[in-house]
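Working notes for the structure below.
Chains: A, B, C, D, E, F and G, in written order; residue numbering restarts at 1 for each.
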């Protein structure tokens, strides 16, 4: 009880302190500096209308490469930690026909929508991560509905690796062509899609990278789900 | 024109009531049901926001949200049912 | 081109590394001895040059400029150390069995030389640490507990010095002696360094040098460390390393003397800071001498004796007069040669008998005549019996104390001498004379290299005893004036005259008498030792007061009250408390509960918040 | 060659990590040798970058996507980064070699991936010139570290990892709040740009933001009392990983802290943040050394020692003087070598003899003389004995500390050093003068690495000038913010 | 129902997905159409086996016509259901008499059963608790008197099915079989 | 005067931290961490909000002058993924812990100490 | 203000009202089964109203297009398909996790069904054993 009281008092003081700091960063006021630059130049410099996407994939490409890496680490790490000689699902109850049938019907659509999300990343609020997460949701549903379901592990792992390499390769191609790692030669050199900004085939290499990320995130999250749902069984 | 405030008020009340059930329980499934309702309401709210901000692209967000929430609720429900 | 100073400095170390790496018996000894001989040879070669003017050399390492200088003072100390070092090498050729010892012994040799030659604090500290570390490694091998005691105290001293250096550096911006000296000289007038800061620096330096010199109450490491290593090495350890501490006290005068005077002033016409040093020396002399008397182990006896003898040096330096310095400096030499000699003799005894306790010995004079002769020279010198070097230096110190009007200090010298006499007599009788235990019948004379080592140290005892003027002449040059008058054989001070030559003549007679005592005395005293002091009481181990066993027990009982207060035990307690503290700290803080750990984070945030909010 | 190729430092570990799933079919051995090959290649690239930077004297500014800062994220590979990236790569290479012998727990392919990504994370943290990108690389590093800490899958490993995750999670969250505040106050994330704008930040925002950022990084940099995760993680992680933690992972956090501190130099309340850090750093040294004193588990003991040394570096950085920063960098280098040596040797003992408790070290001098010798050199160096590398940097740090007027800090550090000497020498005594045993084969590869590290310790100890001149250059890289800002080709944005 | 050929299933899946793509993008931009076709092809290739058993047979005009007719019918039922719910929620006495009843369906296809279950769940006071072969277990908020008064199990099933499943089955039987 | 969003963000952060400081169950602590992360993310986006401006997607009539700051949104995307990754790691560690210690009470998971 | 907008707004109003009802049901009903009865349906219908309402309303604005309606209907349809599935999964979870029916419940055919099944399952292994 004392501990709780102490915690609350401490936290209130810390909160007050944070609030004091935040008071110097007034809410809703324009504090943009670099942000405004992005808004002013995003279309002409990247061919994307979604400034967030342009920042994520293009201007701050290193962040995103890192982000992809983080998820890869999680997938690898979970795989490493939960690795056992033999592991199986241990769910006891079968999904009812309502769930299994619903899943059958939904899975293609969920996947399609996942792809839609990452393909349109430069135009809509989507992107590789929500897209990938949506795809993983399709696999999650399969796991939930069918207690014996398993993703094709080898294929998934290889996909993970290959698309990851593809991302880095895209960056290295940029280095070779434009002299900079992650240089968007599709937009900068080719000006591909310059005449139809706002339509699907635009945005330089953003859709390519988002496709890569989408696939990667989808496979990784699915792999994590797979790992989490299995338990060691004695042989 | 009744104005956005009425909808928002209704939605806010609904959310608060659901929140009450989330905290109150008493069973885990009760909380889950409340969460499920909240996600549905939130999806509606997102659609409303799309209209309010006059951005159609926000509709996609609502759909993604609905999908992810569905997956989550199913997973929890299956967990409660007897392990995953 | 390799500078001569660097050769002096690093010849031992390089030899040590080679000897260690080769590790071939015979060759390693040869290399070791050569390495140890090089400094002495080079110093001899540079003797006249040094008298003409200092030899300088500096190297820049890691952004620090290390300045070395061979001037009259550093030459003197280096020469003393090198002499003992060479003797040590000869001794070790017999007593040491592992290349490990060669490495560290010679490393400490380099360390000592570095301390004497450095003209800046970085080099000084570097070599100081090297010397400490190497000597520690020599002890670690035999006895972990004693070595750690030594090391911890040494390191505390070294770090105290480091803080003092840092403070000086922060105040003066310099690390080299010349600049610091200059800056402090100027500061004495301006007083930007407060008295408090000066006091702290002074205290830190006192601690640093006091530990190394074995000054009371920081001497507690010495008995253990001196005895728990190869005794040939102890010759160097006690003969040369402890001089680094003494040298430090001199350095205090050189660098800070004026500032210290300005900061603390005088007390009864005596410099306050010097007064402190003098009393530290006097206390060290008395306490260490008392304790030496009470020892039952040869090594322990000489260990305490060493502590006491260095006390003389400090006492002399603490007098703050030219004559005091001369006496102290002379005693640096004498103590090095007679105590080095003692240790080599001890090494020989232990090597040949395997014993260290008085109770296990006796009658060795017959079996090891040359060693005995050497031991006798050492005894005479230590006890301050003319015409040995030890007498000359003690006499000078005594004269200086009288001249400085410090009768109490002079009394300490006197008392110290009396006690020294008491314990050397015991050594003389218990080891060399009297009945020989049956298991010592097969003891042989010490091997030749060891004897050479002894000879190297015995000769100066006699030469500088008969002709102390050689030394005082040099010291006069060093101190820049006619501090001690007279000629080669005669020392003249404002209060007295000592004619060594005359005394030598007397001594010849004395020696003859000693010879008679030896020849006849040893034969007529063939009675069971245990019967000697029976006095009608049943003989029990406890009250068995022979010269070999508990000889000074009544003294110990008389001093019982004081002996209960042991700084040694005090430090041990302190160390124990520190370890317990460490344990509790560890268990309490790193308690394994991640929630506690989260609380630590929250508390830090809270502190940050409070500090921000308030 | 184009300096932009320095981006290979990031690209290579990434692409090779992604490649592992494709070769895992070739077996455990193949994966391990692959790891060695990649880290060797990375070392080569790092050496090339090092050579470029140190011969030209100019930093390499890698601009991802070709965007000039602050619009794009730039890597700033100046004297410090060039040096440290090389250390990261070289230590990784050594530990990759050691892993061949030391790591048997499955799945090796995942181990190899995580290993490479740990190296990547630290490299990125050191190289990046962007505040948020730093966060990303920091998370890469720490999440990899979480995974690797638990890699052995024992209860202890999981426990250690759990502690690491919870404390690291709190730290990174608050770090991010700090980033949000600083960003909100300046509108930029580029470090050089931030340095320019720092003076104009509202004092309260600057104080809260900077304090939070330092707080977050201090968790990573294991400063007292935020370091409770560290001994456990060090103890539980696979031996090669422990060496990497100590040699560069934690240091990357420490560097980041120093870099941001000096970047924000112009902010008000800067000096009070420094004071806070001095206190924390000093306590880190003090507490850690005492905690190591009676350890029976040698790996844990060395872990505490490592923490203490990190505290010493932090202290040097927190002094706010050029002398301090230079000394800190120098100590970083020395400590990296010594701790790589010690953890490698101790791991080697553990792998060979089956444990790291003190009993395993009895008679080590007779059983594994070379390893024992290496540990001895490492220990003697760590204590700060002259003619060994650490002496110079420790001395520099102490002089700098005293020079900055923190006498109490120096005194506490020195007291702690006495304690350090005691436990290290006890260990030495245990190895050489206690216990018996017959000789055991020590393995060529590990022995060679140990000898190389020993040689480095002694060479720098005897001839520190080169290392010191490098440390000085690297130190000014951190300290001289004006030069840093000048080196970054900032483009004008906004009005 | 017979399991359809692979090609048929694939074609059916592709068509459905492409239509969904059109709906989701809500655009007739040529670029979207091209991308949609490609993506639908890929997703269909991966999922057609999961998605359908009947394949193109599902696109029989009669089925589609019934499906279209079912929409208003169902929506109406659903609105009624909600008014009923509103009544129960808002009524101060909270008039409920819940229980789990058992119905039997004539539907055979999985999709049909799903549609029935969902329809039941969304309409008057009923939620499908479980489906076991042809048996539906339904939580009913107001168990009707005749069901409650049933003499035996078969009468119970008959009465319950009458009240709950029959109204939908008329359509669903045609649409899904 | 601080906005409701800031207030909400801080509240979430504090609630999360409270859970970490008080709850004994590891899963609850991890949930606390997640809540904290959510709060931080909310804070981050809130910082970029500009009153009266719309999402920084320059279509449907929104120009550079009508959009809010895009940077915080980009950052939050990354931060969210990082949070997910951390949570995934934490959960697998929790699984091992449960396997080895048979409990998720953090007071009982303390073999490593001192 | 045009007709489409008005219809749309009306639908939105109805939809949000059903949201409110749904949440109210969560509070008012005595146990989890009955809570589900009242809230799932209302929430789904509410969403239908809100979403389609928004679609129609958008048609009546200057920025709106048919795409709005198509998309909103798509979302509504998705919810119409998934909400009953989640409701089903939840009520099944409630039952299988052992939450008892409300004390006022009048019949439980499912329990009988499960018990019968269990009996069969208990006998089955014995038979198998006999055959082998």
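The rule is simple: a contact is a pair of C-beta atoms (placed from the backbone, for glycine too) under 8 Å apart; a residue touches a chain by one contact, two chains touch by 3 or more.
The structure presented is a predicted model; accordingly, all values stated were derived computationally and were not measured.
> Starting at chain C, what is the smallest number of hops through touching chains needed to reach chain G?
When the steps are counted carefully, the minimum from chain C to chain G is 2.
> Given the contact rule stated at the top, which pair of chains has the most C-beta pairs in contact?
After counting contacts between each pair of chains, the winner is A-D.
> Which chain is in the middle, if each chain's centre is the mean of its C-alpha atoms?
Located nearest the centre of all protein C-alpha atoms is chain D.
> Measuring between mean CA coordinates, which chain is farthest from chain B?
The chain farthest from chain B, judged by C-alpha centres, is C.
> Counting only C-alpha atoms to place each centre, which chain is farthest from chain G?
For chain G, the chain whose C-alpha mean is farthest off is C.
> At what distance in angstrom does the C-alpha mean of chain G lie from that of chain E?
It comes to 13 Å between the two C-alpha centres.
> From the C-alpha centre of chain A to that of chain F, how far is it in Å?
16
> Hey, how far is the Cα centre of chain C from the one of chain D, in Å?
Here the centre of chain D sits 43 Å away from the centre of chain C.
> Take the average of all CA coordinates in chain D, do the same for chain G, and state the distance between these two points in whole angstrom.
Each chain's C-alpha centroid was found; their separation is 55 Å.
> Touching at least two other chains at once: which residues of chain A meet that condition?
7, 11, 14, 17-18, 20-23, 25, 31-32, 34-36, 38, 60, 63, 66-67, 70, 73-74, 77, 81, 93, 96, 98-99, 102, 105, 113, 116, 123-125
> List, in ascending order, every residue of chain C touching at least 2 other chains.
586, 590, 594, 598, 602-603, 605, 608, 612 - these are the residues of chain C that touch more than one other chain.
> When you check chain D against every other chain, which residues touch at least two of them?
Only 132, 136, 139, 143, 146-147, 150, 153, 158, 162-163, 166, 170, 177, 180-181, 184, 187, 189, 204, 207-208, 212, 231, 291 qualify.
> Which residues, counting only chain G, touch chain B once they are in their complex?
1, 9, 12-13, 15-17, 19-20, 22-24, 26-27, 32, 35-36, 39-40, 43-44, 46-47, 50-51, 54, 57-58, 61, 63, 65, 67-68, 71-72, 74-75, 78-79, 82-83, 85-87, 89-90, 92-94, 96-97, 99
> In the complex, go through chain F and note every residue touching chain B.
54-55, 57, 59-62
> Given the complex with chain A, which residues does chain B contribute to the contact?
Chain B residues touching chain A: 57-58, 60-61, 63-64, 67-68, 70-71, 74-75, 78, 81-84.
> Help me check something: in the complex, which residues belonging to chain A touch chain F?
3-4, 7-8, 11-12, 14-15, 18-19, 22-23, 25, 27-32, 34-36, 38-40, 42-43, 49-52, 54-56, 60, 63-64, 66-67, 70-71, 73-75, 77-78, 81-82, 123-125, 127, 129, 198, 224, 227-228, 232
> Any idea which chain G residues touch chain A in the complex?
Contacts found on chain G: 81-82, 85, 88-89, 92, 96.
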